[in-house]
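You will see two complexes here that share chain A, one where it goes with chain B and one where it goes with chain C.
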Partner chain A sequence: MRKAWLLLGLLLFPAFALSGDEVMARVEARPTPKTFHGVLEMQLINKRGKVTTRELELWTKKEGEVEKMLIKFLAPPDVRGTAFLAIKKGEREEMKLYLPALKKVRRIAGGQKKGSFMGSDFTYDDIARLGSLKRENYKNKLLKEDARHYLVEATPKPGVESAYERLLIWVEKPHFDVVKIEFYQKGALYKVMTLAEIQTFAEKYRIPTKLTMENKKTGHKTVLLQKKIEVDRPIPDSVFSERFMRR
Partner chain B sequence: MKRVLALLALFTLALAQSELQFLGQLETEFRLRYADLSQSEPATRFRLRLETGADYADLSVELRADARGVRLGEAYAQAYLGPVDLMLGRILLTTGRTDLYSPLDAFNPRDYSYPLAPPEEQKVPVEGAWLVYYPTDARASVELYYAPRFVPSTPPEGIWARPNPLPPGVVKVETARPGPLLENGVFGVRGLYSFDVLEGLDVNALLLYTYTPFPGLKALLDASDPSRPCPDPSTGPCIAVLGYDRLTLVGGDLTFGFSLPEIEGGFIARIEAALGLTGDLEGQNPLVQDSYFEGVLELEHPFPDGPTVLLLYHGRYAKAPGWTHHLALSAYYEANESLTLEGAWVQNLSDGSGVLLPRVRYRLAEGLEARASLSFLYGKGTSEFGVWRDNGELSLGLRYVF
Partner chain C sequence: MRERTRSWLVILAFALVTALFALGLPRLGYDNSLASFVPPDLPAKRLYDEVRETFGSGELAIAVLEGEVWTPEGLGALRAASEAAAQVPGVLRVTSLASAKRMEEVEGELVIEELIPKAPSPEAIPEIRRYVEENPLYAGRLVSEDGRYAAVILEVEPGGDELALTQGLEAALKAHWPGPVYLAGAPALSGYILETLRRDLPVQMTLAALLIALVLFLNFRSARGVLLPLLTVSVALFWSLGLGGWLGVKLGSISSILPVVVLAVGSSFTLHILNRFYHELAAGKPRGEAIRLAARETGLGVVVSALAAGSGLAALATSSVPQIKSFGVLAAFGVLVAFLTANFLTPALLSLLKNPRRLPDPERPDATAQAMGRLAGTVARNRRAILIAALGFFLLMAALATRVPVETSLLAYFPKNSAPRVATELADRVFGGTDTLEILIEGDLKDPALLSALLAFEEKAGALPEVGSAISIADIVREIHRALTGEDGLPGTPEAVAQELLLYQLSGDPAELSSLITEDQSEALLVVQLRSLPSRKLEAVVQTLKQEAERTLAPHADAVRFTGSSVLAIEVMRLILHDQYVSLLLALVLVAFFNALLLRSLRVGLVSVLPLALTIAGQFGLMGLFRIPLDSATALIAAIAIGVGDYSVHVIVRYLEELRRGRRPEAALKTSLVVSGRAVFFTALAIGGGFSALLFSGFVPIRTFAVLMGFTVGATALFALTVLPAALLTFVRGARKEG
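On to the complex of A and B.
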């Protein structure tokens, strides 16, 4: 009889099986590729529905605490050849932008991480992380759990630099996929990111191939469609260099 | 020109298996001067670029057409040979890091015929070679430059030409250019290193053996017998012979990022300095242009959700006219993917003149952009910008990139 009550209790109150921090730990524990290479289509959609399309190529590599990312714009012609390089070592991050019209690689101030990435609703920082969250930087609280999702509230810990003061994260069962993040600023909902069309690559990596970031203040929206994805293929360090940015 | 085309043709054959891409830019601009409401002829410029490439090489050929006619723009072949990149052809390079004023960016001549054009559009490609060696350390590189033929810069023209009356007695001016000899070429070497300190630190050192961009007086000859010096320069008649002086440019620049605890956004500081050494270090010889020192301090700050602002100090010293100081402020704000607001203000602190240049760009459709800009020039009639104070204008333009 006691066992039956225990079983009933577990079925009725599964939300308390995991804490917010444990949910995010499970999200973080999912395998992530050491390298990623893909072509992305970026659609900028204004509140009247006008769509501007950009195409870019992305390389990322992770070795220990060093994260490297290079983005090159392929289209349209007026931004073609523009390249963005970010190298993160722990808390330190270097960012550089190559502007073909100036034939110059320009170092970007750290504060620009919070600025718009090439007119999109993603910040440079959003792009650099592409939805991944550093669990240890946030206080994670489980707000709700239903049959399909966990809802976690993440607030940056004191001293952690963040463009947002609160995040609500929807984590989908059973794979612990992050499917939606609401970003709050000055007490109000600022942006919503949805991560959809999640596919499995190399039989272990769960990667969303459609990311949408909507700015709730302006009604502007950016859709990132990931195409031609390659994971864990060796990418030489020379890709993450000023030399490669210029090519 | 023929050599460049032949070389590029060879490369085209080598890259024939690769995909060819045509890129173009059509731009038309109309200007209205406030002083007399005179209108310029609509200026139309067209650029067509052919690009192709493979893993080991790239080829790029650009044709430029405007009121002056059709000519070759940038046209180069670039090969990637292990740790070495080699570029040959008509090339455009950047050898400095600061904006608006860059003492080290002196490999390419400038076309100042319209002095308000953006600095990057004033650069003129030259025939030459650029070799970059990358050692195993990805943070270092060494660059070598060579241009076999010196090309001088073009001074402001038409309503922008600076008043330059002939000295008394001079009835004719002749300008001598360095001949096409190996020793008359422009040579340079630059070393670059990115240190992994602060929020990143880039250091560059440059040595460039070139010429002064504009000519200076070399001799006054007798107009009736040019083999003899002018007997009386004050009454003439004389021929003024102008020429370019050899210039050894030595300098360096550094860029670093840093943050201040109370200010959100971070900063980028750029410092660039150069010594321009001519044959007259002391400034004693009136027939050789004076040596000079030039330096720039620049601070860039992106305001969160606001513009990126750049504050710049530029100083230049030569025996004549002594120190010249400039202060500049520029801002850039991408309001959304359609609207961009830009502005620049340059103040000459030495003579009180200046220029203010606000500009708006609006993206009308994919590749199509409308541009509107104003220019206000002020100062005494003999000052650097005041000489153009009646040339303030409204400029409206369209640019289509495909």
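On to the complex of A and C.
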């Protein structure tokens, strides 16, 4: 009889187990690089399996609450040199675009958090999510734990604006790497992101070098391959400038 | 006693098989989508499917919302309604003012944002309205000039449950839009058709059964005479519909006449068998003998007419239109089953039932019989005149038949002032139509020369009064270019085009472009919106547009191909016409063949199809005379005429029987008409009565079909009692030896 109670107790309060929030806290606690430079190969794959490839070079830098990002298209040839600059100071965000064919830098209006990242199946939000899942905005519930993974269900807390009503997050032990996220919208699976070929950079940063986002509604898919990754190498502020965009 | 056991076994066997087929009934679904009309392997259909897949587009429906659009409340309601519509299962994409983008230069900043803010202030509205009215992508497409109507363009997944979709959309839109809501477009029309179908089908079946019961009662004057044929034909109906369920057949607007066809045609078989049975009983024969004679002797006529009916309907199975094909298969099967039940189940039941107390002879020399006797005399005296008149009739009607118009427009299904018709006319008037011509262009879509060719084509197309709008990626590029540079026109180099398109993708939803251009910019879709037109007119307009595209677009593109609802409708029209000739010829040949085989004479076989040939000429002649269009429903009348109209065989069978007994042709004819003429008369009444139930259909073509069937039934009976006897007296005068 006593054994039975003990068993029940173990089932209800599993010893040493982490809660969903704790799992996500461990995920967030992983360090992120201060600067990032690399080349992204973006494969856009339509429902019929046709692949369109774009290549872009990416620089990011974070200083306090200022985040800077510069993207330059390398391929295909007809958009080579097109550059996109985003500078975010707290809530204020400034975005500029350079089109070499018009030889013009244009400021473009923001407000596109839910918008597509460079025409892919990833949104800006999804890309930002790679850095931080904003644990405090979600109710995180541990659904399952096995030898290799934690499965956490994250639902936005009341009042938090979110494009998704539910996320299922697979976190791989022992590094607390996020390896898969399922995004749910209108009660149905909307998108699936998988993060693979995770490598350690500078002996502390765990960075997935192959990211896939599949839109279950349209059958469209994007694969992002991160190449030539450099982390924490100082990037001068002059990179995030109009002049550099035009170069 | 052995007789009784055998009868019980037959009944048991029928009961078991019926139960088996009945289990298939719940699987029987409804479908009236494009796919039920267009063969899947048609090149235009394959291209249509390819376009759906490549551009993620669906079939087009348009909701017209009536009410003041340019107020904060109006815009708010439009947004709520659009969002609610997007939630309805099966909806792929929703386009309305609520999803429209504003692309403008504001204080040195390029703004690409939602045209209508979440909560627009009354002051902001005139500015938004001005933007819309100057933008060719939105003006007259998403809101009417007077601001009294807003359009919600809905792209829906093909092949879904269109009834649930239509109802879901109506509920969603009406929940948020305070004014009237009108739904138009092919998916909506199909939804309405399915709704009508579900309402009509049980009513039509009941009505047909009642009318047939009435005729049966007039003929037999007994409950048994009514119930036995109805029972056997119900069994046939279960088998036929059950088979449909097991085969996964879905009923549509055409196949909805299946139950009535089986009821009407099938009941005539048992009517003939019962007639003979009562006749023999009244003549004093014992029950077993009467049953034997009915099943064996009259059975021959029933076999011949069932085979003829079956082959006429089965000829429809050669149709390439899926719905007509499945109708042909199931109707032929139902008719053959009705023959089985008439020839096997009916005798089994009769052998178990007590003889009726009263025994009126259905072949008694009553007023009908006397009239038939007089008719035989008249025919014999005037046979040459009758045959010449018949030839004249045939030639006249055949000449008129060339004037038959063809119609495949779904809209033609609905009576004037019915909700779908009103909605479509409104969408035609205010928003330029719901039909589409889709032009798939392959080539370098970054090439400014190709883009300006697209614009030139759109301008030419837009000038046609039948065209509502024409849009392509070129319009979007022009808008981006305007917003970016302030210039009117297109970018000058392929690089500039590529970069401006990239800009649009980076700033908004890339899915918006994907409905018009592929990611690698090697394929684009130009969509021409057309007002609803009669099929022939549509064909002419599409032809004009195709020629214009060949002239304007082809020189700059690798390939230009055409599809869309308009092209498919035209293809279906061609198929119906073509199938018509094939199935008609095949059916007549089959009937002549079976009749010749079973009556053992080629000459008799040829004479036997005379009434049918005349009737069919008459049908098409009438259609030509009154300009009744050949559509998916009326395309069936010839085949069904063969199914219902083979009474002549009963006249011939009796005539030959009398000749064999050594009687002179004139005397043989008189007996034949007196005895089988009455049966022909009542069979015609029963079948005509059954089909008249279709007069109450909610679909115009089905009503027309019912009227034409009235003519068909009357004409076949008339020809079987006049022209056929005249031809028999002229061409078949000698008895052939049995063997």
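Note that in this section the second predicted complex is superposed on the first by the 204 of 247 C-alpha atoms of A that agree within 3 Å, B and C clash if a C-alpha of one lies under 4 Å from a C-alpha of the other, contacts with A are read in each partner's own complex, and residues count from 1 in each chain.
Here, a contact is a pair of C-beta atoms (placed from the backbone, for glycine too) under 8 Å apart; a residue touches a chain by one contact, two chains touch by 3 or more.
What you are looking at is a predicted structure, and each value in this text was computed from that prediction instead of being measured.
S.K.: For A:R247 in the superposed arrangement: first (chain B), second (chain C), both or neither?
M.R.: After superposition on chain A, A:R247 lies in contact with chain B alone.
S.K.: Which of the two partners, first being chain B and second being chain C, lies in contact with A:R48: first, second, both, or neither?
M.R.: The second partner, chain C, only.
S.K.: Given the touch rule stated above, what does A:K103 touch, chain B (first), chain C (second), both, or neither?
M.R.: In the superposed model, A:K103 contacts chain B only, not chain C.
S.K.: After lining up the shared chain so the two structures overlap, which partner does A:E203 touch, if you call chain B first and chain C second: first, second, both or neither?
M.R.: Neither: A:E203 stays clear of chain B and chain C.
S.K.: After lining up the shared chain so the two structures overlap, which partner does A:K186 touch, if you call chain B first and chain C second: first, second, both or neither?
M.R.: It touches chain C, and chain B stays clear.
S.K.: Quick one: is A:D78 in contact with chain B, with chain C, with both, or with neither? Answer first, second, both or neither.
M.R.: both
S.K.: Just to be sure I read the superposition right, which of the two partners does A:S238 touch: chain B = first, chain C = second, or both, or neither?
M.R.: first
S.K.: Of the two partner chains, chain B (first) and chain C (second), which one does A:R92 touch, if any: first, second, both, or neither?
M.R.: A:R92 sits against chain B, while chain C stays out of touch.
S.K.: Could you give the residue numbers on chain A that contact chain B in one complex and chain C in the other?
M.R.: 44, 46, 52, 76, 78, 101-102, 104, 107-109, 111-112, 115-116, 119-120, 218, 220
S.K.: Using the touch definition up top, name the residues of chain A that touch chain B in the complex.
M.R.: Going through chain A, the ones touching chain B are 44, 46, 52-53, 76-78, 80, 89, 92-94, 101-104, 107-112, 114-116, 119-120, 218, 220, 237-238, 240-243, 247.
S.K.: Using the touch rule from the top, collect the residues of chain A that touch chain C in their complex.
M.R.: 44, 46-48, 50, 52, 73, 76, 78-79, 82, 84, 97, 99-102, 104, 106-109, 111-112, 115-116, 118-120, 186, 218, 220
S.K.: Can you check the complex and tell me which residues of chain B touch chain A?
M.R.: 23-24, 58, 80, 85, 92-94, 97, 120, 132, 134, 138, 141, 194, 196, 199-200, 202, 255-257, 259, 264-268, 300-302, 304-305, 308, 334, 336-338, 363, 366-367, 369, 401-402
S.K.: Help me check something: in the complex, which residues belonging to chain C touch chain A?
M.R.: 53-54, 56, 87, 106, 108-113, 446, 484-485, 491, 493-496, 498-500, 502-503, 505-511, 514, 518-520
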